[in-house]
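Each chain carries a letter (A, B, C, D and E) given by its place in the written order, and its residues are counted from 1.
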């Protein structure tokens, strides 16, 4: 069953066609990767799916309902959570608070409840704190809970962002280049973490440049080039797809021997 | 939250200890304290600044000549910046802390009205330097004012206009307290005096160009004269713009025109402007036996030599205010508020810069129609208007 | 759970989680109460000091400064937490004050048909003014609610469209709003034009508690104003330390990311704008009753800018700092300490604080104290690199 | 040796993008710098010209230490960077773009003639607003603008990005011709094949480190190069198979 | 006076005011494009220009006084950038706005204490206070022509400078893309200083030519800055031609509104229109929705 489905999505900026009629599906419980060279339109596609940009044409269906034109917060509440290319932690909060922001859509005290510290709000706050700590523990950073987010290393920020995204209890997680800027061992840890997330039953859509990671993790891969989908298939199929190799290495393919 | 706030709290406490200055002097010994609220800075600074200078000069001279009944006078000046809330705060300070026996100022009617009730409650004599009629009408027991009444100025203007055969007028005023008060009097008295108001407009006190408003005036048929009521620099702009667009009808200004600087700014456009004013501006033309001549000449000379700027009627208002209070204090021979008030209310024939003051329980301005003289501008100088 | 020894989870040596302490234990809760208790103790202490020194009259200016501090604290919430600038907050203060002033000084006795039952409903009351004239005016309590309603309506009118704007454009929109309100107040006879309104009656909150500047009730008004400020501070502190506060902070730090976390950023921005507008308006109502009048300069751009300056000087997101700095500076200003340099002091302060210590002057001071080991708290453990 | 970089570390905030890279470029060479997205190539270039402050390490251009200098000094060191994404001045005309490029060159009008000779298309369009040029023309303009400063060392960041294949060919041909003009080039590229064809030597970067160095001809057949781009996995990689 | 003449008279009045707002708006744009700072102290440059010129005019002939004032204020502008804004590279929009407000207040108060609260003005450049030129039934002061002429010349000269000189081109390059400009060897810090200086000098020139009409006093800057700010926003920040259009629009709007409603509310009309425009087109009439115009922080 497809959890997320896009149909002929299209978006242009000025004269530039960033996403050109892309249709793809993400199956429940799978890890799907979205790859392509720089400027292929991956991030734009991400933003279209998560509501940060309205599409010019086409539809996005999530859990069998159309979410086209929804605002990001509505989509997030529907169960789709994401991370950003540059980890966008909230710099003036500590790590735990950052993750607690993720619990926002699973809680509902308003201004009055919070200002007056009503008992229900207090209980909810406890629940938020506990759940957030759990997520932090899940990514292995519970010991950093009281650190200011701005003091973390880059890799830690990524993990905290992931924990924050998980705190929204998503059915689907969209990761935008989670491995960029990480070193080799950090990448390996990230890969393990993504597997564990999937084990929790979260469907994952991944945009990534690190091919060893993509090929190692993905159930299926979608390749974008110049805003259009040029290939789709299992990692093995993609690695042996001539079109893809040409797009990636450029020039004549035969000059580069297979590894 | 940042608990370091507490450290600040304590430092605040510490500093509050430091700022405590014992100031509760007994009312019957030491110098007599008079409070002054002037808008030395802010939008009304062109009133407050000369008032401040005049008041200081007056007190210095008074003390040099022995003070009042042998006691020196201390002037406590506060700059309100034209804000009513500061006027309230400072008035309270003057009354409660400095225990002044009277307050002069504030410079604007808005500030005066804010502290009118306060002075009344605390039984402190207030002699305002603002012109608006509401300050003394309705009469509050402790509140007086030194400038001439708006209504008298309006009557003078209407009288002069009528003599010139003008009955259809355009009224312009600035959107400050002075302008608003004048506008009210102009509109109220126009009916009684048989004047027809063709158009009445209010302009921004910071206006830099009034051509548009004057165009509107010009477009209304039959306007025979323009009356402008403001104290702000824009009244010079108005005079210029009027001549420039060829609106060649007589221009009457209010007694707020009483500053030679405005004439200089308006240059040739000021020629022929008619306005009521105290006699400070035409002291040289007064006959030798005029009761005000000696005082006006002395004030003008002293102010101009001391501050190197032209004396204006605004400074004169502060002069009169202090003069009235000191006269009352002399007469009362006490600083008891009630006695000072009573003495003030019964002052008669005190010669000031604006005119000869004679107060009564129902008249807290103390000036009659005679306090005004109609002036005009000729060759860049003020001169008495002769029809 | 198994953790890997390299990479992200490296070198966690010896740092114990202090998270549980913050909300859960008694010690943690006490630590949160320190500023509240400190403030609550400082208020009577200050009174005592002033009383002993025989300068109790200083309470007048402290009371006025406390009301201003409420405005500035609300603005601090808006700017420091939600990251939205408002250069027109004076307008809300003025709307609150003017509405109440108009309703409580205007004579409604001409409306014979309505005044009767309105008086029965305690919405209107007959009273005497300074000169002994008989008036029928709205009661202060009713006027208070009317003032809040007016401010909220104005807040929605400007806030709803304006909060779609960003940066300079939002600054311009709020500045423009302030100017419009100021011009309308100056231009209308109903609001006393340039003179403003005066003779606003005292406001009897409940028997024995009255908002008025009269000397006999000076002490209770001081406690009332400081109490209100404290209540506002506590409520705002509760708010910012909760789900709502985190949402606001996240909007400031990254609106996109916040939105993607399921936070309805537009709604939150409007709500916090209205909240701070309401605080400003309420402060305006109290202030107007306290000083018995209000003038158009309260809505002026300079006043709004002064609030921004004070909020910036206090460190914006540091509500206690904002409250204390604005209390102190307004107090000095209202005492006339700065003489003819009043505005210059505020201008210079703005430049110095923003360029040298954008997080507020308390921040470096606290850091210094912490370095000297004179000040230890839960926060200190937050600083340092993992 | 025209450019020598030793142990350079730099990054953004807490992100260390370049983790101790060392490389050198000799006068007259064309040197390629390959690697996947996010490998740190662009950051390295930025650190070379001063757009990014190096955390540690040293950068020597023509023997002079230049690290820590502001970016506008690089021109006086005869080094010019053609940044990624062209970064032309879109609202200015082609001519103006070139003139600004020769800001420090007193003979800028003469130099412009030379650039026009090299890129005749720019001469045809000299009055046109730069933003309306096609992608390839913009890239030419960016290179032309850099040449206006008469650099000894030209740093090119992804000149082929987003260009049509024909255009890519043209750009690379142009880079190859630089050699004749006596310009030394450090070329950062994703297009490994084309780069290795024009370059004398090349470096391969992975996660901020230089993992491979060698003659262009040797590298063209090195397995690591393809791995760097397409993630061909080594046998000993610890991941389990993920296929269902 | 016929309806047509009236309309023309209103229009001229609006253009007079509007051209002043336009100069302020251009000043805003110059600095904004080059540095991203929205300098709310722009109005103070105009005030300072007038003040310095009036003071100098006591000692030297009028043209020298004007030139001297422009020079002095240009230096003040440069000094401001060099001593203050150069040191705040990482501050948010909000912080920078607040700093410029602080600068505005300090300059204003300093002027009050250096000079005084009194109104001063330069003499009319030609003719005097009452001379007027008739134009198709409408009358204007020759000084208005001076204002329009000077401002036109200044704007054209500025345009020429930016368009045809190397330094001007470099400045445009800096605002188009600071990073690329740096890579071309342009010292963008100096360009920023220059933009402050130019903007201040332009303001001072305007302050001199308008001085005979509007007169000069220490508080005149802030209202002009606010109107100029409105004009710049209306025209779209960073768009110089938009600034001119925005300025004229605000001026004409004020003048026209006087003919239809009480003059007391003419500012209100201008600002209500401004707000409506902003709400419908959040980037101003001529502003572009994308790009730097709406950058936040």
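Some points to look at:
Convention: contacts are C-beta pairs under 8 Å (C-beta built on N, C-alpha and C of every residue); 3 or more make two chains touch, one makes a residue touch a chain.
Since the model is a prediction, treat every value here as computed from it, not as a measurement.
Counting steps between touching chains, the shortest path from chain A to chain E takes 2. Any chain bridging chain D and chain E, meaning touching each of them, is missing here; the list is empty. Least step count on the touch graph, chain B to chain E: 1. Taking the mean Cα position of each chain as its centre, A sits at the greatest distance from chain E.
Greatest centre-to-centre distance from chain C is found for D, with centres as Cα means. Note on chain placement: the centre of chain A and the centre of chain C lie 40 Å apart, centres being C-alpha means.
Centres computed as Cα averages put chain B at a distance of 36 Å from chain C. Chain A and chain D have Cα centroids separated by 31 Å. For chain B, residues touching at least two other chains, in rising order: 41, 175, 202.
Across the assembly, chain C contributes residues 186-187, 340, 343 that each touch 2 or more other chains. Residues of chain E in contact with at least two other chains: 109, 112, 262, 264, 267. Touching chain pairs in this entry, ordered by label, are A-C, A-D, B-C, B-E, C-E, D-E. Residue ranges of chain E in contact with chain C, taken from their complex: 38, 84, 87-88, 91, 93-95, 97-99, 101-106, 108-110, 112-113, 222, 226, 229-230, 233, 237, 262, 264-265, 267-268, 271-272, 274-275, 278-279, 282-284, 294-297. Against chain C, in their complex, chain A makes its touches with residues 50, 52, 71-73, 76-77, 81-82, 84, 88-94, 96-97, 100-105, 107, 109-111, 114-117, 121, 124-126, 128-129, 133, 137-138, 140-148, 151-153, 155-156, 158-159, 164-165, 168, 182-183, 185-186, 188-189, 192. Of all residues in chain C, only 1, 3-4, 6-9, 12, 15-19, 22-23, 235-236, 238-239, 242-247, 249-250, 252-254, 256-265, 271, 275, 317, 378, 381-386 touch chain A in the complex they form. Interface residues of chain A facing chain D in the complex, by the touch rule stated above, are 31, 37-39, 152-154, 157, 177, 179-184, 187-188, 191, 209-219, 234-236, 239, 245, 248-253, 255-259. Residues of chain E touching chain B in their complex: 1, 6, 9-10, 12-14, 16-17, 20, 109, 112, 116-121, 123-124, 128-132, 134, 138-141, 210, 213-215, 217, 219-220, 223-224, 254-255, 258-259, 262-264, 266-267.
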